[in-house]
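Take this structure first; my questions come after.
Here the chain labels run A, B and C in written order, and each chain numbers its own residues starting at 1.
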């Protein structure tokens, strides 16, 4: 689920004790909504935000929520990692780069993350996965749907209505059955996904510290500067 | 292959010795057709029928058949398990529920079966698989084709002609080559599929015995009764 | 990448020392092009050609190439194995068969190869994979794209322009990052793919030596002869 959170009058903050600096967390009708709340930064994720997301998910896992929605405030879901979190980038470059977050991974000398090196080929075949992961193919929403990355695409005007109609129906499903079914569907791959993630992270750390990555980032800035 | 068996004059019963109570089993042109034969119950599957299907498949595996077709008599392929087979459902509810077999699994507090928790994510990605297995998304025939669950979709008027044209061609393919190729394609996953199936069945048994499942079934009946 | 190599004036042969009998190998803009060069035989692959392809790939892996393109000279990418490489086929039949290379595998009593018994079901689901691997379904280019076998389809008139626009952009990507990302994407499956390939090859050898295969080939020739 992407784009801004719905304007729902009856929303109430979740867990009186839990206060969040970077998130808006509300619960209603068995649905917990975690809303990234740095709209002026297009919801770029900081280390603090990562920690708060983990905390909010743990709370939602313990209360009566049937569904948890992750979304962003403002007109942008999320622009990726806030690059101010990363060291080893020359000071002058960070501001420029932050403006262009979402920039393509391999163009910056990066490598796949989030288990995409495993899940993308599984989902769409090696040819189309390579097109995205190695050659930076950008997809339209319709193409993302065709490749199995999202389930449905709506026009902006009806997005909130269509999504929340579905979410409210899902929120009424038997909670334990849903949780156990999800465990069945996901459990088979859990060990594999952790191993894949470890490998990807290890590779990313190497990449960030490499001269090639640094040069790619520098020449990216220079190209931008010329525009 | 779904829908009714073709009206083929030259059909003959398979294996003189094998008599079936709940199936029509015929063999012609190297093709064995196993037809579920309880049209008044929309071919709901009983325990007896399961045993006869196993027997019929074993026979077809031993004779000269190249292809085995599973279909149903009447205008309905199969409405799923005959719920009279299952205990632990209050007596009053069974008749109502049988009328609505095919009712959605997780709505009734159930969990995925038939290895779908493994094969669906593999085939269509986790997002679209979850939509079906957790949130009861019903597909049109065209959508089922797009997600890889079926290979082709025909209008009702030409269905039998189109399908049997293909089947008759398949029935002429070299038998051993086909069997060995099928073993290659399926063998890789056989062990995994058995493990997945064991897990799914274990989970389903828990589900059927849970209060949540019982309550979901009861509220399903009450909703129906109000209509 | 398929079809003929581009008419590029600035191309130069790769590695002065490496001479190839059956291939044209050129390198330009970090892109090595390996072009199968038996246009009069529709680039049917001989044992010598296999050895030269291996050698050319090893050279491209060691030099500065970022991308390696495999294509064919003339208007045909490749018609498959040159059947003159295979013994156990009666002398009279080889010429006829060579003309029809690309003939369907299971119709000739063969079985899947090139890891397709594993990669096809993974990519498109078991139903559609079986349709191709067991029942010889031929795909249009558009269908191949929908099933994930290719990433894009172009009309013949713009094919070279479209493909080379992409390749030249890919050739400018950071080399190490690309290689490491490719290793990530492919590494997970490498062991599995070798095991699958071993099984497929073993099965193919059995098939080629079987009476069924021989009979299927013979009846294929007879059917052709009657046309």
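Note that in this section contacts are C-beta pairs under 8 Å (C-beta built on N, C-alpha and C of every residue); 3 or more make two chains touch, one makes a residue touch a chain.
What you are looking at is a predicted structure, and each value in this text was computed from that prediction instead of being measured.
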item: Same or different residue numbers at the chain A/chain C copy interface, by half rule; value: different
item: Rotational angle, Cα trace of chain B fitted to chain C, multiple of 5°; value: 120
item: CA centroid of chain A to CA centroid of chain C, Å; value: 37
item: Chain A: positions in contact with at least two other chains; value: 122, 124
item: Chain A-touching residues of chain C, taken from the complex the two chains share; value: 119, 122-124, 147-151, 166, 169-170, 173-178, 180-182, 184-189
item: Partner chain C, residues of chain A touching it in the complex; value: 106-107, 109-112, 117-118, 120-122, 124-131, 133-137, 196, 199-200, 203, 206-207, 210, 212-213, 215-216
